[in-house]
Amino acid sequence: MLSQEHITGHAATAIDEGGMLTMLVPALTILAVVLCGLFAAMRVKNKAPAFVTVALLAASFVAVLMTYLNLGVEKTWIAHGFDWINFSWSGSENRKLTTHALIANFSFYLDGLTILWMLFVTGLGTLIALYASEYMSHDVGAGYCRFFAAFSLFVFSMACLVMADNFLLLYLGWEGVGLCSYLLIGYFYKKPSAVAAAKKAFIVNRIGDLFLALGIMLIYTHFGSLEYTTVFAQTETYIEALKEGNLEVIPATVQLIPLLLMGGAFGKSAQLPLYVWLPDAMEGPTPVSALIHAATMVTAGVFLVARTYPLFLLSEHALPAVAWIGALTAFFSATIGMAQFDIKRIMAYSTVSQLGYMFCGLGVLTSVGGAFHVFTHAFFKAMLFLACGAVMHGFAGQLDLRKLSGVGFMRGWKVTTVAMLVGCLNLAGFPIITSGYWSKDMILGEAFANPHTQAIGWILLLTAGLTAYYTFRVFFRVFVGPVQYEMGDEHHGAHEDAHGHGEATHAPAHATHATPHAPGWAINTVLAVLAISAFAIIPFTYSHGGWVHTMIEGSTARYEGAAAYLGHGEHAHGTFLGFEAHGALMVVSGIVGAIGIVIAWWLHYAGRTTAATSRADALLPKLGPIPRWAQHKWYVDEFYDFLIVRPLWVLSNIFHFIDQYIVDGIVDLFGAAPSLTGKAVRPSQSGELHSYAAWMAGGMAVLILIVILVAT
Amino acid sequence: MSDLLTLAQSGYPAPIAGVTLAHYLFVSAAMFVLGLIGFLTRRNLIIMFLCTELMFQAAGIALVAFGRYHLNFHGQTFVIFILTVAAAEAAMALALVVLLFRRKESLNAEAWQDLKG
Amino acid sequence: MLLTALILMPLLFAGIVAFAPARNARGMALLGTTLALALGAFVCSQFDWGYADKHQFGAAEPFVWFPALGLNLSLGVDSVALMLVLLTVLLGPICVLCSWTAITQRVRTYYSWLLVLQAAMTGVFCARDVIFFYICFEFTLIPMFILISLYGSTNRRKAAIKFFLFTFTGSVIALAGLIYVAWYATTTSGGRFQGWTFDIGALESAARTMSLRQQSIVLLALMAGFAVKVPLFPVHTWLPLAHTEAPTAGSVILAGVLLKLGTYALYRFVLPFVPEAVVEYAPFIGVLCIIGILYGGLICWVQTDVKKLVAYSSVAHLGFCVLGLFALNNTGITGSILYMINHGLSTGALFLLIGMVYERYHTRSMKELGGLASKMPVWATFMVFFTMASVGLPGLNGFVSEFLCLLGAFQASSAWGSGLWGSLGLQPGATPGDYGPWFAAVAGVGMIVAAMYLLYMVGRMVWGPLVEPRSHAHHAHGAEDPNALPRDLTPREIGLLIPIAALCIGLGIYPKPVLDALQPPVSRTIAHYEQLRNSPRLTPTAPAEHASAQDGEGAP
Amino acid sequence: MSGRLAFVNPEIALFAGTCVVMVLGLSRTFRTRKASAWVAGAAIVVAGFLAWFSTPSLSEAVCPITGHLFSEPVTASQGQMLLPEMVPFAKTMIAAVGLMLLLAMAGTVDRADEERIAAGRATFDPLRSNRAEFYAFFLFSLTGLMLTASADDLIWLFLALELTSLPTYIMVAISTSRNRSREAAVKYFFLGALGAAVFLYGFTLIYGGTGSTNLNEIASSFREHGISTLAMAGVLMSLLGLAFKIAAVPMHYYTPDVYEGAAPQVSGFLAFVPKAAGFIAILLLTAAVGWEYAGGAVGVNSLMASDAPEALRQVAGGKQLPEVLRLTLWVMAALTMTVGNVLAVLQTSVKRILAYSSIAHSGYMLVGVIAGPVGDTFTRNGVAAVLFYLLAYGVTSAGTFAVLAALERSRDRSGEPGEVEHLHDIRGLCASHPALGWAFVICNLSLLGLPPLLGFFGKLPLFTAGIAAGEIPLVVILGVNSAIGAYYYLRLAFTPFLEKPEDDAEPVAAAPFRSRAVAAVASAAVVLALSAFGGRAMVMSLNAAKYRPSPLPLEVKHDVNGEPAAHDVAGVERAPDDFHE
């Protein structure tokens, strides 16, 4: 598929002034953070933070775009910012002087993959910031600044993550986005559930981060460097050796690296078994869910795998593991998504599910498919979230699909509804006219095209049907049907009190939102732009990735060809029930999607008269406890709680007890030993002359006895 | 112990046949131990003091015997001083006992055990 | 001269504060510490970074205190000591400022002892003589004892006594170990030293010729003293108590500098003096560190007293620090030294923040406090910031050191290059040692635990619905107390947090100058170990030749 | 003969002073009576001066301090030759500490009488006055102590020890008019007599085993003929008897009761004078035996592995007391410091704490005795460590007890002013009596051994000498005991500073004798001064500890360079900064 040169020739790297333009991205975003901080300090009570943020993010987008246009994607460029963790020392090994260094600079590594990611991160970031300027307007004041500061910081971190030229800077971005995610999930900090969700997100991510950190350490230990260029240059030699059939030439350490990196990727991208934080993360404001927890941050894991693709190729288990976990996650979370009532949570599970697709794409050796799906998903999932957010915003936090119906027929909700429909079609993979269809199909086809991953293909196909069902379940319940609604019981903005009297503001806030209010210009604009672009990107990406393909063929995809030599599977020899896989799947996946939509129509739209009930309700009892289990997320949270959190809590208490009474007790015992000994000796000081004399005589006798016994 | 045996066998000169240094030392040791036992068992302050005198004089006997054995006068000289010191101590002891008796009308050593612990 | 001035300056001001009118005490103390800070900055500017492993500023002829004892007042700092001195002088004014309104009783006593404490701590880092080091090391106990037992909270006497006796007992045994080394140096020097010497450099070269058994005994003795101070796992229990009871400035100094005396002593004495024993026992010490990291961390998680939580977190954090130190490679030791500074900054700042809340609410219980973000947004911002620094968030200072410590432990394994860890490939990042990936992985779990307890703390204190102590709320709604502090932080409080925050960011995103400056001394320490590995000790049958061979290159 | 008398010049001065004091104290005029104290002080100063400048050195025919050359050659019969340089140092130290103790003694026995006379309720009755005797006894005891230091014969040693002790029995008895003092005296006297009988018998056996009472001759007998069992038993008994003087286990029982019963200034006297006498006597005896014996079963350097470098083993091996004595002293030292400390921890009475702690300090010093004067440096010379520690402890404990003496509570029924008893009584002392309070704090921190105070520099050579002698376990025990000691010393040191007096507490007033406070403050000042500039004292104690293992034959040769005699064993060389350099 790719020419030999692509595989063997290590892409040239160069340092160029043009690349320095990308340094504007972290600079501008940090500037935005600082400005928002200043606004907070100055107690600015208008929308200035939002507009500053939007402007600076737009500028970042332009900077990335300019870089792309200037440099192209044929070569890899290094843009050096400044030395971060960078030191060297000399030592001696076997009497030879050696020099070592640990270099992790604040430098950017620019190639197609990087720029692709940066384009949609900054682009979507700008749009969603614009959306948020209206969405968050009820919080104008301190909270507003906080929101946009964290938002900008997120883009900064994401830029570091994506553009890093070494693993440590990637790790900086990695944890940085985790921090922003924490801050933004916990934005409504008075809500205990939000605080808990934020904490959960951070901690679960940290588990993944630990694996990533260990992977990075292993990389450094093995390769002696953290910089991509050095590491990849060495992997080239391994790949060369592999192509000559020397499978045993790859050390076990190297084979372990991708497994560890995978741990990090699964944490950040919410895959089994670390996906549990993402649904809870919906406690955050919706723009956050859209940008961070749907479009960008959660794809960091995918990015990581794509970035370190050559390393993954070196282990025969790594990519299959990625594919299998992705497939299982996709299916598993789709089943949960089918049974939820909270529309944002449904979208969250669908994100988890779609991320599974992306990993599958990478796992079945179509990194183009993976990246393509990331790209399309970013647009339509952001759009779906933003549409849901508009609903939530308008209905005072109402998210229960049983309490909303026919929103699309209400005044002012047209744009939202259309956007929602476009998003749903994309997610469901409606054939031909949606970009989601093309990207998902690419993964499906590739899965079937490989005879070893047929099972994965079937799982994904089934999941595609489920996806179509639950997506349109939301659409049919909420946006069409009879007009009925029930307002939410909260106004999240009320938590941020501009006056400093937190207790007093609930009631009036509730009163002002007794009726729904339709989204304003900013929300509508953003939704419209996204809806259009969801279609607009089709020509760029149509069939086998198109533009996306050209973007990453120089970086990640060029290794796919090498995979053929690695025993990862005979490329393109698998079939779908005897038909050519890609061609057949174009048809089949379209049909499966359509079936899902039809079932959703039948169960949730046809003949529905109220918001709360539908035909599906009648069906539920026949399925036994399964819907209830699915609705309770298969009790995974409870399982984790029971298996990990509680034992740990008990253990901590035991430790605390041990520390107080045993460790400290022993210490205190040592401390008490003198006085205890003293108490034992004290009776000899009876105050009586004769007893003293007797003790003295006896003591002398004993002493002499000891001396005679020991010394002679 | 071999030294003692040697000493005992080579006692020179023997004023009384068969009485060697060892005999003197035995007497001396016995006196010392008797004095110690008396000190530990008696409660009367004066008797206790006399017991310490007994121990002093036990040393005196041994010194004289050793002096005779070594054929020099260090031992005898020492004894003179011991006697003097013993006299001084006796004077002090009596004064002290009188002082104590005035306070408690008793010579029992057990009357004085307020300080302890 | 500069270093002498750096030690004498606080002492001088301690005298002034003790006899000046009480109302001027805090001002004079601030002046003294600020001058010391300025002097510290000047020392820093005069330091020749090109020779960072040389001990600089020492007088050519050190003042001989007790010639009969071989005791000199010799001073000198290499870059490691200088960094810690800078940390000390930086925390000086901060401690004075954070006590500004909190201390109202016996003000002169408080500030003068605070200044004495600073002088003693500076002395520890500047000392080039073992006994002088020990004198300063021990003398820090007295001011701290007084600060805790006069200005602490309810259980202060017990805490102060425990603190004193615990560390005193350990360090007396450490003294015995150091004297043993000095004695050894004399007996094997062939009369080169007139009398005895306690010069660290001279002892360093002599001590390394000790037999493994002797080294082990010395290691045991030194660890008895310094592990208590650090504190390592089984001997840490004085720390939570002392921290909880100490006044804010006391906690800041305790966490910021006093604990570093232990790690610094490990770096200064244990590593260079007894390399063979260190190599022998490093796995054991590593295990203790890891137990400390996990055990301490989990205990934090179930605390209700926020100060105790942070105190236990120090146990966990210093576990990382010592783990890195005993990884015995450049990354590990560099990380460890950086950790000393970083922990001093971030944990010190956390104690400051807790102290500020305590000053307002007079409670540290997380049951009575919650959701303070809505009442004290500025405080909350700083709290979250320093928590993140403490968690080890990249971009802030904690990360660099924590990662380097873990990386050091990860690299340090003799298993690299054989067996599972890749017999085929070259592993340029591996160093010899006994730790390896498993140590790093298990210790790394501490990163997760750290996130658990610190976010638990932030979740209780900063986020969530507002909870205030009942008595306080009642009081606040009642009569207006004109002396009451404003609700959120005052400019003074913000002012003393900002430098720390700036340093946290600075060391987080541009640690390079510090890292570079640390390399010469660290490499010098490592060189002992490389030498040891390249030329293992001659057989015990010929120790005399070996000793004399070593003698040639001994003494400064 | 004048050369011989030169050894006892200080004692002669003291004795002359004593005679004058005894007479002056009987005077009917108050001023004359009062002058007795001044005369006593002058006698001590003169004695110290004489000790400092005129005591001949025995290894050189020169005074070690001034370098003055004595006309008459000093011969063997004129003094003990084992630790010849100890004499001037010890006597000077005795005079210095004695002067401080004297200051604290003001008004001890005659206060009530003088008050009555001043109030006109009584007239002076020489028969009833104790004043003269008290000061005389004080001087007698010091004389005995100085004589102990210059003893070269067992008889002399015995007499000197008795002269030291006997006056102290009386001083305890009359120090207050309370029953407690009487009780203290009776215990002290009777148990003291028992102890004296024991070491007397020990001396007898030594004489029996060697045929001489002269220490030099005993020493050479030991070296020529070995130590017979008889003699060894004698040395052992002597050490046990002398353990009473230094209050070492198992002869320590009297200590707390006597210290508590006596007036504090007298307790301070007891903490130094008998202890110094005991240690000097022990050093003389152990020096006669010598430290040149090979290690036994428990052995020097039991921790020292066979893989130690050769040079180290050479240095470490074969320098210790005979195993019997070493073990005795080892066990005694370990038990003494432990028992003293653990019992002190339990006490609440200030005087009792100090009493027990004084037991512990004896245990510390025994480490130095065990280590012995083997090394040529202060850090390795155990005898020098003991001597310096005696100085440090003497000054510091004098200061501590002087503070107690300078304070009083309200009078009890008998009209006697109450003493500072309980720890409560010294609460807030730093606020109410700053000078006394801080003196107390400083002295106690020094006793704790807190660097950089004098006590630390006293303990440090014990550590170093102990380690150099291979007594590592004992040094660790010493270290642990210092830590135990820290517990009660912290209480003592910080109760005056940190604690506030209870509201209903009876206030503590300063006693109406300024000299007691002067003694306290002066002691604290000396502690501080020695902490900073004690180097000279260390060198002097090192010179004083110069040990000549084989004193006979006794021709003291001097070559033109003034180099020491040829038979100095290796390792017992001159201190680095001896005056010859």
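A, B, C and D label the chains in the order they appear, each numbered from 1.
Following the convention adopted for this analysis, a residue touches a chain if its C-beta (ideal position, glycine included) is under 8 Å from a C-beta of that chain, and two chains touch if they have at least 3 such contacts.
Nothing here was measured: the structure is a model prediction, and the numbers come from that model.
Novice: Would you mind checking which chain's mean C-alpha position lies nearest the centre of all protein C-alpha atoms?
Specialist: Chain C is the most central one.
Novice: I want to compare two interfaces, B-D and A-B. Which one has more contacting C-beta pairs?
Specialist: Pair with the higher count of C-beta contacts: B-D.
Novice: Once you find the CA centre of subunit B and the CA centre of subunit D, what distance in Å lies between them?
Specialist: 28
Novice: Would you kindly tell me how far, in whole Å, the mean C-alpha position of subunit B lies from that of subunit A?
Specialist: Each chain's C-alpha centroid was found; their separation is 96 Å.
Novice: Compute the distance, rounded to whole Å, between the mean C-alpha positions of subunit B and subunit C.
Specialist: 65
Novice: What is the distance in Å between the mean C-alpha positions of subunit A and subunit C?
Specialist: Comparing mean C-alpha positions, subunit C is 37 Å from subunit A.
Novice: On subunit D, where are the residues touching two or more other chains?
Specialist: Counting only residues that touch two or more other chains, subunit D contributes 186-187, 190, 194, 198, 256-257, 346, 487.
Novice: Quick check on subunit C: which residues sit in contact with 2+ other chains?
Specialist: Only 165 qualify.
Novice: Residues touching two or more other chains, restricted to subunit B: which are they?
Specialist: Residue numbers touching two or more other chains: 36, 39, 109, 112-117.
Novice: Hey, which chains are touching each other here?
Specialist: A-B, A-C, A-D, B-D, C-D
Novice: Sort out for me which residues of subunit A touch subunit B in the complex.
Specialist: Listed in rising order, the residues of subunit A that touch subunit B are 682, 685-690, 693-694, 697.
Novice: Where on subunit D is subunit B touching in the complex?
Specialist: 154-155, 158-159, 162, 166, 169-170, 173, 179-180, 182-187, 189-190, 193-194, 196-198, 200-201, 203-205, 207-209, 211-214, 228-230, 256-257, 260-261, 346-347, 352
Novice: Once bound in the complex, which stretches of subunit D touch subunit C?
Specialist: Touching subunit C from subunit D are residues 303-312, 315-316, 377-380, 445, 450-452, 456-457, 460-461, 463-464, 467-468, 472, 475-476, 479-480, 482-483, 486-487, 490, 494, 497-498, 534-535, 538-539, 542, 575-577.
Novice: Under the touch definition given earlier, write down the residues of subunit B that touch subunit D in their complex.
Specialist: Within the complex, subunit B touches subunit D at residues 1-4, 7, 25, 28, 32, 35-36, 39, 45, 48-49, 52, 55-56, 58-59, 62-63, 65-67, 69-70, 72, 74-75, 77-78, 81-82, 85, 88-89, 92-93, 95-96, 99-100, 103-104, 109, 112-117.
Novice: Going by the contact rule at the top, pick out the subunit A residues touching subunit C in the complex.
Specialist: These residues of subunit A touch subunit C: 40, 82-95, 100, 102, 106, 142, 168, 171-172, 174-176, 179, 182-183, 186, 189-190, 192, 195-196, 198-199, 202-203, 206-207, 209-210, 213-214, 217-218, 220-225, 248-254, 497, 500, 502-503, 648-649, 651-653, 655-656, 659, 663-664, 667, 671.
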